[in-house]
Amino acid sequence: MRPSKRQPDEMRAVSFERGVSKHAEGSCLVKFGDTHVLCTASLEERVPPWLRNSGKGWVTAEYGMLPRATGDRMRREASTGKQGGRTLEIQRLIGRSLRAVVDLEALGEVQITVDCDVIQADGGTRTASITGGFVALYDCLAWMEARKMLTVSKVLKDHVAAISCGIHGGTCVIDLDYVEDSSAGADANFVMTGKGGIVEIQGTAEGDAFSEAQFAELLALAKKGIARLVDLQKMAVG
Amino acid sequence: MRPSKRQPDEMRAVSFERGVSKHAEGSCLVKFGDTHVLCTASLEERVPPWLRNSGKGWVTAEYGMLPRATGDRMRREASTGKQGGRTLEIQRLIGRSLRAVVDLEALGEVQITVDCDVIQADGGTRTASITGGFVALYDCLAWMEARKMLTVSKVLKDHVAAISCGIHGGTCVIDLDYVEDSSAGADANFVMTGKGGIVEIQGTAEGDAFSEAQFAELLALAKKGIARLVDLQKMAVG
Amino acid sequence: MRPSKRQPDEMRAVSFERGVSKHAEGSCLVKFGDTHVLCTASLEERVPPWLRNSGKGWVTAEYGMLPRATGDRMRREASTGKQGGRTLEIQRLIGRSLRAVVDLEALGEVQITVDCDVIQADGGTRTASITGGFVALYDCLAWMEARKMLTVSKVLKDHVAAISCGIHGGTCVIDLDYVEDSSAGADANFVMTGKGGIVEIQGTAEGDAFSEAQFAELLALAKKGIARLVDLQKMAVG
Amino acid sequence: MRPSKRQPDEMRAVSFERGVSKHAEGSCLVKFGDTHVLCTASLEERVPPWLRNSGKGWVTAEYGMLPRATGDRMRREASTGKQGGRTLEIQRLIGRSLRAVVDLEALGEVQITVDCDVIQADGGTRTASITGGFVALYDCLAWMEARKMLTVSKVLKDHVAAISCGIHGGTCVIDLDYVEDSSAGADANFVMTGKGGIVEIQGTAEGDAFSEAQFAELLALAKKGIARLVDLQKMAVG
Amino acid sequence: MRPSKRQPDEMRAVSFERGVSKHAEGSCLVKFGDTHVLCTASLEERVPPWLRNSGKGWVTAEYGMLPRATGDRMRREASTGKQGGRTLEIQRLIGRSLRAVVDLEALGEVQITVDCDVIQADGGTRTASITGGFVALYDCLAWMEARKMLTVSKVLKDHVAAISCGIHGGTCVIDLDYVEDSSAGADANFVMTGKGGIVEIQGTAEGDAFSEAQFAELLALAKKGIARLVDLQKMAVG
Amino acid sequence: MRPSKRQPDEMRAVSFERGVSKHAEGSCLVKFGDTHVLCTASLEERVPPWLRNSGKGWVTAEYGMLPRATGDRMRREASTGKQGGRTLEIQRLIGRSLRAVVDLEALGEVQITVDCDVIQADGGTRTASITGGFVALYDCLAWMEARKMLTVSKVLKDHVAAISCGIHGGTCVIDLDYVEDSSAGADANFVMTGKGGIVEIQGTAEGDAFSEAQFAELLALAKKGIARLVDLQKMAVG
């Protein structure tokens, strides 16, 4: 039995609240149970140096956690003077995942920065960030379309969403919360498109190595969960 | 006429939403109109080095802004590698203001860190932080009292709240929003206790110097506004 | 009785020594008793990015303390890797104060940086810096006038000077030295122009909050003291 | 056809040169073709704070690249003032991979740091680092066994090695060099034990998402390659 | 002819003003012509970690320049976030030079930090710092002797002073000012004791390499100059 | 007797292995006994800002040590966040030494960066770096000559090499290894050209000051050793 009492293939309640920011071109407060991430998509005219005068745009992401998003207060990265390895790793993952479904040429020479700030953490902050970040990005593109800057359907090639799976107590389970994650024997994050293509896989054995069969089971769970998340995204932005 | 259409002595709608964090001992989402600040109060056993074995505790504050809390996206302080002068100045002010109403000996040898993170900014973020930070602090102390760690009424000497006033178009007005603040000829922040004592005054002429009479008018406005904020705090924590 | 044996409204001996730097366009060693600050005004052709091609100039300030300017040696900020919050707060204050009396359009597209380095500290370093920084700035402008770059009387709109006041042992006193400042119940810094306009007020209750009446008394003391400082500035640059 | 003219399942020549450092307890210069990584394992008495007095030890890794290990000179991380996100990500991966085969209790309360410094890069530096880092770690443990500090067979639970696979020109290939990696449509790194257990999987679609079938093919290639690497490790340390 | 009109073996006017700091245990404003350095010696109870409980003390130095000590304003090191290579090199040299004449065991387990802050620069700041730093150190030791903490004559083994020599227009000259230094073909700094022992030599060819004979001539000039500086030190502290 | 059993004027075995880097325009693995330094020379089109459009080029150097190049593992400078004073001092010395034999006008407006990375340290890393760095620089220039970018004989004015000498057990000895260096009473580094001109001298008394006669003896040893190193360089690049 999972600590959360959920079935192995049962995700937490997922919700998307759009338009939560007065300023951002796109925004979404995404909740995966008690994990709450505020995602904003900001449009800027300038692109990174290597894209200047290329006609191509860029989508990037930044990730942060409020100091008391977690059970124990963590030191504020702004005051330690640098972003930790975990933060950099996650924000690179979010950026790659979102770019996987964007046609950068169709976007035109602008940059969209998706900020994912964890207001409250209970496991799965990176997968919630990708899934909610997509909604913020979508709304930013819609904002641009409304101003005749582009056509969303030409820029966005597909949906993208993410979920974690892991082996808990010997059983493969989906969408681990913090308590489950802390005692899991393996932890894997999957990022997939609406059509079921694989964008990213990150799997880590926490204790003993896991087998191919176990990994196949995690992948099957993830596939099902991501299909559900994409349905929810479609309802949200519909 | 103020850009906000408000009367000179009319504050924006103020609200306090308590208990917004699953993890923090005390928390409050404070809104002064479109300025939204998430305040959490975190209890820690350790105190700063200069207080070790003194029997006295400490209350401190940290302040941050999400990158897209503002009209234009600002660079994330965690990625620039340091907190800017404005951030340091504000968090020092919040800390001093809250300590002004706490009996650090009665608190005992623990530290409470009040994090004020601006989710959305529209002027007056430091005054909202102090006013809402007090509520988060109160709830943290109540949490401690419920665990027999202290008696709130012995630790908290009074309420404390803050408001900004300024001279806009030649008229003294209260609680400026961003548009008003940008075009104000003077900007002053007042921090006062429930009994009307002055804790902090920070007044700055943006263009021409202002007169004593004008300053007196700003102070009178602030006094009235802070009394109202303290009433609202009392209703919130009542 | 004040520890310094001075009357409540008695400032320390104030002196300005001009032309102390072989290199700087303007310079002044200002002394408020045992507080000694070396102020230099440096002219540079370049302006901050946001003023390029605007025809307007800029006046800014930096503040520093020699490590043993104080009773105990403090760590050198260059070796800690960053300027502390107090340093940033003070140099922002000095810059704003000086700009309050400068017509940046009449200055033309140049930048003047006023460096205020505390050689020896005994309380009131920020007020000495503003008051002496004005003299260095004046001499820099005179240097420019001698080279037909501008007319001082068109650039400088007024004098500006600063003084601290505080409540010590229940009495309102002016120009606190370190010992007095350490035991004061309130500490306020006032920046005013030659005509008596208020440029900046920063008041802080160190222990209990103070009353409006007390604050009015501090302001009255400051007004008188600043008038005296402006007279001394006029004698110095006359 | 691969740019390297190799068969899809053909790895580059792999070699391990042990004992290359006069000072380190264990060391290995590993070569995967033109990718050369110097791995040293350093024994230290102190452990991280969270393990003090726990009786357990720690294995950690650091990763670096000489500035001209690459085709174009890269800026030295020591002079930029921080390790980049890619560096942090890789050294965390190496550390986790090595710890997966170490019994930290049997190690005892010491720390072993495995430094992987890329002398020359031609793709696959992280997989070479893990595979060669294992040999350095093994020799460090053997050094300790020779001094009666532990029994290697009790501390090391298995071998661990790593290889990259990717989709190049539509074909699944193993051990990509730099040219192949730059034009690959997907890139995946696999870390597995001697018994074939999975320790880490990191797969990324560079352009279009890839399918489950493609991923299974990459995994099969990796499994075969890692078995070969483990054989080579055994011959090296035999 | 030297730009300064001085004879090849003619130093600038040298003066030592002692007791210039109200706070420091020892202090000296040293002038080599227009090069002015404020030296303070600060006594602290704590020693560096590697000397704890050794009974031995430590003498160290820090060096800094006010931003407008030079002809063009230089960026403040505290705001750039680090001390430059030149600064670190100079302060290491000052520290080694002073330690060369101190018996660290006789000093006892305390640390003396000699801060050398260049108020105005005109060439030779490092040699003035060493020469004046010795006087500040002497006075700090005398302050300690007066409090029965040590006997100066047992701690100080000798005097130490420094001078620069260089080849200007083909002629070997002593004590170069900034203009001379900028156009010199070689630049050498010598640190010697009162008895004529060599403590440090740093010679650099700016353009063409120099010969042994030239170097011998520079050394002879330095020897004479340092003997004169030591005489002046003796008169100062006598 | 020296700990190394060598004669006072006997250097360690010196070797140069050229072309060790697949990527760098010039490269050399230099060995002075157990001190091994990998030197690469990298050609870049861009020059420092102060040389833009001057027609002149630049030669600079960077220096680093692998963390376990030394007997005890040292902290990686990339992770401490800055290069230490010793590192900066050494890389400035290498750069100056190499520039002393380069005609920067004949080089043309390009920059060559010589990276000297210590793979294994046993004393004398800076002298090995200069001596081997020259060979890497030479090969980079030859690479350019082969592409008709310049004529080596017009750019390189002479050879340059370096050696350390010191006083060990009262005897002047050459090319100290780590053990000898640690117990030497004086340590001096000499950089000289093929024609015997002096480029740099850095001499430091570790304990007691040394005499002129001793210094002359160190210089004589160095002269002989550097002549030998230049012969070896000529054989290497011949």
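Letters A, B, C, D, E and F name the chains as they come in the text, with residue numbers starting at 1 for each one.
The rule is short, and it goes like this: contacts are C-beta pairs under 8 Å (C-beta built on N, C-alpha and C of every residue); 3 or more make two chains touch, one makes a residue touch a chain.
As the structure is a prediction and not an experimental result, all values here were calculated from the model.
The greatest centre-to-centre distance from subunit C, using averaged C-alpha positions, is reached by D. Subunit B and subunit C have Cα centroids separated by 28 Å.
Centre-to-centre separation between subunit A and subunit E, using Cα means, comes to 59 Å. Note: centroid distance subunit C to subunit E, computed from Cα atoms, is 33 Å. Residue numbers of subunit D whose C-beta contacts span two or more other chains: 81-82. Following neighbours round the ring, subunit C first and subunit E right after, the list reads C, E, F, D, A, B.
Residues 82, 84-85, 88-89, 91-92, 96, 100, 158, 188, 192-193, 195-205, 208-212, 215, 219, 223 of subunit F are the ones that touch subunit E when the two sit in their complex.
Within the complex formed with subunit A, the subunit B residues making contact are 21-24, 27, 34, 38, 40, 42, 44, 62, 64, 66-71, 73, 76-79, 81-83, 87, 113, 115, 117, 119-120, 122.
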